[in-house]
Each structure stands twice: as structure tokens, then as C-alpha cells.
Amino acid sequence: MLLHLCTWPEVESYLEVSRGIIIPIGSTEQHGPTGLIGTDAISAEVIAKGVGEATSALVGPTINVGMALHHTAFPGSISLRPSTLINVIVDYVSCLTKSGFLKFFFINGHGGNIATLKAAFSEAYDRVDNLGIERADEVKCQVANWFMCRSVYQLAKELYGNQEGSHATPSEVAVTQYVYPDFIKNVGELTPAPSGHPIYGAKDFREHYPDGRMGSNPNLATPEHGGRFYELAVKELTGSYLEFLNSD
Amino acid sequence: MLLHLCTWPEVESYLEVSRGIIIPIGSTEQHGPTGLIGTDAISAEVIAKGVGEATSALVGPTINVGMALHHTAFPGSISLRPSTLINVIVDYVSCLTKSGFLKFFFINGHGGNIATLKAAFSEAYDRVDNLGIERADEVKCQVANWFMCRSVYQLAKELYGNQEGSHATPSEVAVTQYVYPDFIKNVGELTPAPSGHPIYGAKDFREHYPDGRMGSNPNLATPEHGGRFYELAVKELTGSYLEFLNSD
Amino acid sequence: MLLHLCTWPEVESYLEVSRGIIIPIGSTEQHGPTGLIGTDAISAEVIAKGVGEATSALVGPTINVGMALHHTAFPGSISLRPSTLINVIVDYVSCLTKSGFLKFFFINGHGGNIATLKAAFSEAYDRVDNLGIERADEVKCQVANWFMCRSVYQLAKELYGNQEGSHATPSEVAVTQYVYPDFIKNVGELTPAPSGHPIYGAKDFREHYPDGRMGSNPNLATPEHGGRFYELAVKELTGSYLEFLNSD
Amino acid sequence: MLLHLCTWPEVESYLEVSRGIIIPIGSTEQHGPTGLIGTDAISAEVIAKGVGEATSALVGPTINVGMALHHTAFPGSISLRPSTLINVIVDYVSCLTKSGFLKFFFINGHGGNIATLKAAFSEAYDRVDNLGIERADEVKCQVANWFMCRSVYQLAKELYGNQEGSHATPSEVAVTQYVYPDFIKNVGELTPAPSGHPIYGAKDFREHYPDGRMGSNPNLATPEHGGRFYELAVKELTGSYLEFLNSD
Amino acid sequence: MLLHLCTWPEVESYLEVSRGIIIPIGSTEQHGPTGLIGTDAISAEVIAKGVGEATSALVGPTINVGMALHHTAFPGSISLRPSTLINVIVDYVSCLTKSGFLKFFFINGHGGNIATLKAAFSEAYDRVDNLGIERADEVKCQVANWFMCRSVYQLAKELYGNQEGSHATPSEVAVTQYVYPDFIKNVGELTPAPSGHPIYGAKDFREHYPDGRMGSNPNLATPEHGGRFYELAVKELTGSYLEFLNSD
Amino acid sequence: MLLHLCTWPEVESYLEVSRGIIIPIGSTEQHGPTGLIGTDAISAEVIAKGVGEATSALVGPTINVGMALHHTAFPGSISLRPSTLINVIVDYVSCLTKSGFLKFFFINGHGGNIATLKAAFSEAYDRVDNLGIERADEVKCQVANWFMCRSVYQLAKELYGNQEGSHATPSEVAVTQYVYPDFIKNVGELTPAPSGHPIYGAKDFREHYPDGRMGSNPNLATPEHGGRFYELAVKELTGSYLEFLNSD
């Protein structure tokens, strides 16, 4: 059930049976020579939809652009500053809390979002409480990173070993291939990608990771793998969402 | 050509032939008893894709949530505060200007975004100039409202007369029916919607427009109409984009 | 009745009979080779005073500096960033709502203010509502642009045809001549001013409009014209204000 | 020479002979039962004009609304938050520094502005320096409080002794009577005003100073006194401005 | 070598041999019925000093108040909002980068700071780069959480098993006992503390953790343990700092 | 009684007998060739502790970094921007007001903090009032500058005459020598320091005060003097705090 495809009276009805909402959040950033710039948004969105179907939960609009400042030395990357993203999250949570939502489950496709999201949750709890919104003290946010699901992680390890790497990974590329089989990019064999250098600013990142990959070999990805990752992530996050929803 | 489905080297190549990018911006807000909450984002996105195809332009990720504070007394509406949206636009423009983009063409599906977008453009010109980004003084932004296209306006008038209204209009509903024929909502006959009261705050809006419509009869919409609106908007905005792109 | 010339007990008494206030807003920006830098503030202020007298409405202090970033490549122009102006408006509305005012009628002399003002109104409705100020949901703001009054527009067309242009217009210059007949500037005959280029950043503006005029011939202005524009604007906005004040 | 009554080429010429500008800043706040709400803006403006005439300096538009949050429990008072006023000052200084101004002399009519102004100057030096504006490291701001001029202070003491008080003082009321002799308010004899309680928040202020006066007897003011205060302030600040302008 | 106990010429000399600085960051928040409110700042500071001595590194002033909004339902807790803390970090990094520092090693005593710190680092890289500070693209920040050192974690497990818990832990309490043996608080036997409930807003936290402890038994702490934790943390972070300093 | 060395139940008990708290605020900035960078924080902290002991008042954590932008051209200086410091103060006051504190006594060691602190107090009164915190209208903040105590000033004059100067003064250096006798720096005889130039931006400051001193001869300082200054400041501020605490 997608919020975008509902009417407001349908949302009103939904709120009588559930106070939970799933919000996919991705990023718009380089994913190496073959990965799609929308990889993180695409994967978060499709998995969120899957979880939404499995749980009859409402799925909000995808936050397509996240915190990816360190990727902005590659053309096409777009990032919010952390301070902007915090305000975006605060605004989402404020509006939806006024609507009656209390449980916000962010399905996240980008590691770089995690810190800012968590900071934003703290800011949001404080804000809704200060605004005097009813039941504001019951507002709860959770970030669920599909790529950190135990089952996903295990399959990635099994399929790719240490060629999974940590950015532009075959697992995330596989999910996009599963969703967009017509947009599989091929630039021939890839040299081994560097790894191990921590993430600092944009120029430094590009200097150390000249084609954008961090230790990964996305050529190992297949749409079929993508389907399996999708299934695992949906299954595991379905459990997480229900647990979150039913927690006090 | 969707930015989300490109790799960064593809964007690099694109920048050798064009400095323009199209960014769809919609809203997540009530659209009356039958209109989809995502109406403005859906229509902006589909039309932007059409224009992108017609012009070989790059189309960035859709801004799904815009400035809709006045709709937030209806459940399911989400809005950024104007000050937040300004920062979002500034961040988009800053990042993409660093990438090499100079012409930003926002295809907009929501009247409530216009003022804030224009304010944001001014803020963005100033910011990129202050940041010392190369060619910053050539950055140009334009907002193109598909629903204000002359041809669209004329067809709406012809098909619906004054039952077009000004919010939750049959024309915009028709476009969503064209895109999502399986999500046509029907709640039976609608009473005539009030109209004429200006837009102020959220509570005032709901008081004056209790089911969310402003003077409109969305029951008149058909998917076929939607297809016609889509074609007209794409055609007209294709012209606008090319003119913008080629202007000095 | 000017707020600046009242005592607070007089304001208290006024609030027993009216909840409306008029706030003039102008700009401090170049107006071509002969137009005064204060043109927009001067005209907004004098017209606001006229409307105030005609309606016994309170007139607040003039906002002299508005959103004119695109004029800042000409010496002497001052602009607030849109984000700053939004906060200024929010502060005015918050304070005055606490005082008991509910209807804010901004008489505006500068086209460049409109977008930011409208964005600010949305931000202000949200803020006063969040602050828990009494009757906050009744707060209403309106922007009234004197230069867009139908009667003003018609007279300008009649007197100047297309030499009215769109910046440093003879009509606005005429109003300042009417108010300050001793400050009529004369630099001899003016070459036809360029027109048609949209407004982007400050450097781009000056490049396309080297002496600051946009399609106008301010040499056509006379103080007597100014008096006629003044009368028309006051009359028309008197009607607008009363309608606004009496609306629900 | 008032910036508002200049054209931009006149400003350009002025900048060839001087880099200084005077900016009056007042407040819009209660001044007791008889003092005008615009007292601080009126006095700052008239004295700034006087200094401008005496020194051939350019005088910018008056900042009518300052930092007066502690007066906002009285109807008609308007205040910027300190954070807003800081941004206003930063924007003024940024724009005018780009124009070529380097010496900013704020003639101030309100004690409550001083702290925020000084904070704003620090923020402004940092900002213009960060923006890479040419000669930014030469920017200098100074606040000159007319009511703290030694000669003004001495006359006030001589005329009013301790009935001068510290808010809604006879000296500032006198200046407004001198400027607006037709707006002298009279509510009969005034009881002695309380004094000595420090300034905290708005409600606390009104509780301790129920009619708005702090230790003052504004009934002692006369327009003739006002003229004398005006002359003294103009003379003393003329010296201060010239010293500031000529300092390295 | 403490920055606070240096002169500026000493800092200048230091910068000729090193570009690194250590900044302790703690929190001011409840630590259960017996833990000191300053626990996180005290521990971060003492360990930072130890690392500074071991590495001849400069140690900056302790950030005593961090991000602890979720503890603010207990009296005495103070928190910055995440957006405030981001600006604090940005200001530190900007100033010190202008001084010549390039490697910022934050020794952190509070889990709740981590997300906001990481968000702040991203914001800081972007800001210093935008400000045009020399060598800005070499700026690198790292957060080092002493309580997450492997050796510390192992000792805590060995000494306390699952009574270590996750807030107001015996290990952190032990460190404060080691530093302040005269301030060991004793309230008698403690009931087992609840655990397992995630952290959301302040009221929710207190509801679930009524005395502030999360699964911990701080009564197990001894000053002697504290000394051992201190030694382990200093040793391990000395290695981390040197590795960071010497990394490219 | 230091907040950092208390438990939250101890703070709860304290609040039953007092609503006051002392917060030391210093700065991290150059203090000439021999003065410690932490001079202002060290002196504010030690004096605050002394006052806390004398009055049984709670003393909060020291704000080590204040507003010192004008010192940032000397290596090692760190400053918050005024806008950041305002938010820091607002956050402190908001949190502690929620705890139940109402009287905030800032013992300040740095002249450059005063303006921003006062601006911050105004912002804080407004914010806590807007947040609807109980008893928010009773919140009161005061800044007490130890170096401006009458008795301190007199002793400095007596000991140093005009060699006291106004920055890196022998009196403040003496206090740090009293606290840290092992960190007395000696660089030999000092040339007379320039004085009289007002404070503007950072580069301008260093240009006029090349070694950081403003008219001072810190070589006159002795630890014994420091002890006398300490005693005088504690005594005088003890009186001030009690008066503040007991005022309505």
C-alpha cells in the first residue's frame, strides 16, 4: 500500500488499524563504473514495497537523495548536507505525527545515511515534543539497512567473498539488475578495486577510489542474485518491521 | 535518460554534450476524496520523463515531497517547510553545478511549490557564487509548471469548464489515471466543491475545503483524458526546455 | 494611523475594533540610471499610508530591504537572502499575532519580493500554530502589489505603452517623483533598454541589463503621472484591504 | 545624502571618494503610555540624516525593527529574534561590501540592539572573509548609540536628573516631539515609574514595568529639548563618524 | 600537551612537527543512581590526556556537553540538539584548519554522540572545502570511542559479564572512580536494571529506564578497575591515533 | 558542588532547595606570547568553583570555547560563530529549564563573549516560552564577568597601572599562574604592546596586535597576584550570585 497511490480518506482508515509507516531512503550517487547512480534509492524502494505488501503497511514516498557528500567529486552525485537532511526528516516526522503516525520505519539503502538519520531522529523526537503534538512522546523512528540484514550479508559473503567490497557492491548492483534488467551496464573486466581507506571528504574519496568502487567487483552481480537478495531482505525486514510495530 | 539509471561515466559523457538537467518536483498531499496523495509527484515525474526522452535530456530524481503545509490537516500529507525546501534545492544545485551542470529545469506538478522554488533559485545563485564554484555565474534555474501549459489549460477548460477547479482537478487526476489505471478511486457522486477562499494555514484550509477539493469535480477525469494532457504537456515543455537550454 | 506614531495603549484600543495591519515592503536596489535606489520602499510606503488613511487601518513600519539578490551587482543595492527574509516575516507575524493581530496585509513595491513573501507566509502559519499562540489558526497574510493593480497597469499602458518595461519603469519612477519632486534625476536621453532575458543571478542580470533598466524608459515619468498612479493604487488597494479584512 | 534617494551611478561616484556608510537602526516597541512605538527608529533616523549632512556621508535605509523581544508583551511591539537580526546585518554588510563599502557606522536608537549588533559584526567579518569578497579583511563596523553620547547624557541629567530613567526616557521622547510635534501624546500626570529590575523575558518585563516605563518621567520632555538633544547628538556623532572613517 | 596550557607560539611550533590534534568529547547526562553526570566527559578527558602524553599530541579543550536529548527527562542532563552540535564541530574544524591542523581525532565517551559526530564530519569537510581554506581537502576527522576499544570491551566482559549493561556501566563508572576516588556514590544495593528497549525520545527513555541504568550494575565498579580500563584505553587509542596521524 | 560530580538524584534534591545554577564560560584563544590559550576558561572555571563552594550552588560544566573569531588568525584559537554560541546557550537553558532550573548565572572570563551571551539570553527567553516549558516566564540569565568586578579592577590598576592593558592582561595571566604554577611561560622581556585599535576581524586584529597583546605587560603577573584576584572575584561574585538568586 503506497501512500502515493492512496487517497487521504484511505490513510484515515489505515490509521484506525495501524500507526506505522515505512519510508524508503536511498541516495543519488556514483556506484562505480557500472553501478546505477540510483542504486540505493532503487533497492530501498523495491524492498520497502515488498515489506509493505507482506505487512499491509503503508509505504511513504522514497527519499531519493540522501547524505552522499563524499561522492560528490563524481559527476551526477547529489547530496543533501547533513543539516538539510535532518530538517527533511524532522519535517516528515512532524507532518506525519500530526496525521497520527507514531512508528516510522526507514528502510535505508545507503550506509552514508545512517549517522545523519540517527541524528535526525533525536532532533525529531525533541521537535515534535516541543511542538506539543498529541502523543508526541510515543513517536519512534527506526532505521533498517537492507544491506546489513544478516541473511543478505551471508549470501553476499557466500556468493562474492571479499569481492563484495563496501561500495558499488555486487549485491546492491544485483538488486538493481533484478529490478531493471534492461539497464545492466558492462564496461568489460574491472581491475581490482582499492579498499581500506576510510571515508573523509569528496576529493579525498575520489583520489583513493578513482573509479568509485571500494573493494568490490560488481561484475559478479546477476539479476538472479538480485532476486535472492530481494527476497531475503524483504523477509528479514518484514520481521523487523512487525517487531518494531508491535513493540511498546 | 534517467540520472538514476545512469553510471557516473555516462553522466560525464553527457556533460560533454549538454549542461542541462530536468528535475521533476511534486508533492505528497491530499487530493480530495478520490485523488492520489502522490498526484503531483506522479504527474511531474511522468511528464519529465517524456520531455527527457523527447530532448535526450538527463532527468534527475523526483522531489516527491514539496511545500504543502496548507494540506497538512489531512492525514497522509507531508510537507517540507519553505526554509527546508530552499536548502534542499540549494544542495541539489550546488552539487550538480560542481558536476558541471548549468541549466536546471524543474518540471513542477504543484502550485504550492512555485513561490518557494523561486525563492530557492535566488538563494542558490547566491550560494554557488559565494562558494566559488567554477562558472557559477552561468547557473540558471527555471520552473515549468505542466498544469499551466497553455495547451493543457485550454484542454482542461474545454473538457471540464469551471469544474476544473484549482485543487484535485480532473486534469491532474486524469494524468494519474493514465499512469496508474489500476488505481482509479471511486466514491460515488461528489457534491459541488467550494471555491474562492484563498489559501492560508492548514486548519483554515480544511475548514473551508472539508474534503480537500477546491472547486473541482475530479469525477470527470478519464485515463484517456490523462493521455491527452500528458501528450500536450510533454510537447509544450519540450519546447520550453530546448528554448531554455539554448538561451544564453 | 502609523504604528510608529502610536503608543501601545493606542494599539490596544485599536485591537478592540480591528485585527488588521498593513505592512509596506519595498526594496533597496538599483532602478536604472535615473531611478532612486529606494523606489520600491518609497512607493510601497506612501501607498500604504494612503490606504491606511482611507481605511483607518494601522500601518506598520516599512520593510525597506527585501529580496533583490539579482540587483546586487550594481553598487548600493542591498538584499536579504530569501531565508533571512522568511525569518524576518515570521518574526513580524509571530510578535504581532501575540499582540492580537490576525490579518496581515503587505503592500509590496517589488516584484522580486513576491515569491519569498508567499513562502514566508506558509512558514509563518506553521510557526505561529506550532508556538501555540492563541487564535493562531486564524492568522492570514496577503501580499498586495500596487504595481499590479488593474487600474495602475492600465494607466501605465496608456501613458507609456511598451516603454513601461518591467524594471525601473516610468510608473514607479513617477510615484517617487510625486513624493520627492526635488529628487528627479536627469541623465539625458536614454537608449532603448534591452528586455526579455529572464532573471537569474546578479552577474548575469548586469551583463544583460547593463544600466539596470529592463525594457523601460523612465524619462517618460512625471510627478503628475505619479500622483495619478498613487491615487489609483490607493483606491484599488483600499478595496482589497477592506475585502481582506472582512473576509472570514 | 540618502541611499534611498540616490541612483546607482551616484553611489558608484560616491564610492570613489568614500568607503563609508551610515545605517540607522531603531526598534518598534512600546515606549510607555505616551512614547511613540517608533521612538528608537525615528530618533536614529533623524540623527543619522543630520550626521550624513554634516559629513557628506551616505545614509542607508533605516532598520526599523530591531531586537526588542522583552517588550513584546505590550501590543504593537515587533522584534526580530537575535538570530534573525544577525542574518539581516550579515546580509547588509555582505551586499554593501561587494559594492565596495568598507566602513559601516550604525547609528543606533535602542539599547536592546547593542549586544546583538556586536555579535552580528563578528559574524559578518567572518562571513565576508569566507565569501572571498575582495578587501573583506578591511571591513569594519561600529555601533554608535546617540543616547549614550556624553553631551546627550549630560544634558539629560541636567534637565531631568534621575527622572530620565532608562526606558521611555524624556530625552528620547523629546527627540520624537521635535521631529513630530503633532504627535505629542498626553495622558495626564504619570505615577513614578518603577526601576532597578533587570531585563529578562517579555512577561517578566511587563510584570515589573506595567506601563512600560523604566524609572522615567517622559512628561518632562519638550520639543525644544528634543531639538537640543538632536543638535548635540549630531555634533558628537559627526566627530565619531569622521574619526571612524579616517581610522586605519 | 594541552592546548589550554599552551601559548600560541607553542602551537605554531607544534604545527611544524604535527598536523594532528585530539579533542575529547563527552556528555553531561544522568548515569543512573550512582554514576556521575559528567561521567562521559571525565572519562574522555582523562583518556585523551593519557593518549596526548603518550604521543606528544596536542589535546584540545573537552566538549563537555554532547548529544544526550534522550536523557533530558532526568534532572541535570544537558544536551545540544544534533543541529547545534554539528555547528559546534564545524566551527572547531574550520578554525583549527585555518590554524593548520588537518587531522582531528575525537576521543569520545558517549555512544549518543557518535551519529551526530559522523554527520558533523561530513558537514565539516564540505564547509572547509567551500570556504576555500588552504589544504581543506586534506582535512580528516575520526571518532574513537574508548568504551568500544577491544581491550576495554574484553575486560568489561571478564569483570562484569552481562552486568556491564549499556548505560551507566560499571566500566565507565570505574573510570570516574579512578579519577575522582572521593566522589564514589553509594545508594546501597541496586535492583537489576531493565534492558533491551531501544532509545527513542526523553520521556520514553525514562519510562523504560526509571533510574537511568540500562542493564548495568555500576555497584561492581572499583577505582582499581577504573585504572585498568584507563590503561587499556590509553594504550589502544595511542595506537589508533598514531595510525590515523600517519595515514595518508 | 559540581554538576559533573553529582548524580541525577542529587540534582533532584538540590532543586528542592534552589533553582539556581552557575555556568562558567571561557574561551580558547591566543593570550599573547606567554598567556595560556585556555586563560579565560581556566579563570572562569576556578572562580565559578569558588563561588559555588561559597554559596552551595551547583556549578555546571565549563563552556571552554566561546566567541573569539577576532583571535582566529593566531594558531590554536578556536571560536564558535555567534549564531552557534546562541544555539548552544539556548540548548543549555532549554534543557535545564525542563529540569527545573530558573536562574542561570554565567561566570564569564572573556570580554568577547558578552555581546553574544546577552543576545543568546534574549533568544533563550523567547524559545523556552515558545516551547511551553512550565514556569518558562520565570527564567532569568545573568552574565557576571569576573575581570570587571570592581575589586578586581582596582587591584589590577593598583598593581599594573596602564600596563594592565585589555587583552592578555597581567591580571588574567596571574590567575592562571595561581591555578597552574607549573605552566608559567617566560619569553624574556616584552616590548610595549600596541593599544587603542578597536576590534574588527581576525586579520585586522593580528595586523594591529602582532603578538596578540593589547596594551598589556603580562610579565608583571605573579601567582601570588593571581591568588589575590581569585579571592576578590570569588568574594564579589558570591555576593552577586546570592543577590541574583534571591531577586524576584
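Think of it as A, B, C, D, E and F in the order they're written, each chain with its own count starting at 1.
FYI, a residue touches a chain if its C-beta (ideal position, glycine included) is under 8 Å from a C-beta of that chain, and two chains touch if they have at least 3 such contacts.
The structure displayed is predicted, hence computed values, not measured ones.
Q: For the homomeric pair subunit E and subunit F, should the interface be classed as same or different, according to whether the shared residue numbers exceed half of all numbers used?
A: Answer same: the two copies use largely identical residue numbers here.
Q: Going by the average position of its CA atoms, which chain sits the greatest distance from subunit E?
A: Greatest centre separation from subunit E goes to chain C.
Q: Distance-wise, how many Å sit between the C-alpha centres of subunit D and subunit F, to the nearest whole number?
A: Each chain reduced to its C-alpha mean, subunit D and subunit F end up 29 Å apart.
Q: Determine the centre-to-centre distance between subunit A and subunit F, using the mean Cα coordinates as centres, and give it in whole Å.
A: Chain centroid spacing, subunit A to subunit F, equals 46 Å.
Q: Please tell me the distance, in whole Å, between the geometric centres of subunit C and subunit D computed from their C-alpha atoms.
A: So the centre of subunit C lies 24 Å away from the centre of subunit D.
Q: Could you state the distance in Å from the CA-based centre of subunit B to that of subunit F?
A: One centre to the other, that is 53 Å.
Q: Residue numbers in subunit B touching 2 or more other chains?
A: 81, 83, 87, 132
Q: Could you list, by residue number, the parts of subunit E that touch subunit A in their complex?
A: 67, 69-70, 81-83, 86-87, 112, 114-123, 125-126, 129, 136-142, 197-198, 200-204, 247-248
Q: Quick check: in the complex, which residue numbers of subunit F touch subunit E?
A: Its residues touching subunit E are 2-12, 15, 28, 30-38, 41-42, 60-65, 72-81, 83-84, 87-88, 90-92, 95-96, 98-100, 180, 183, 185, 187, 212.
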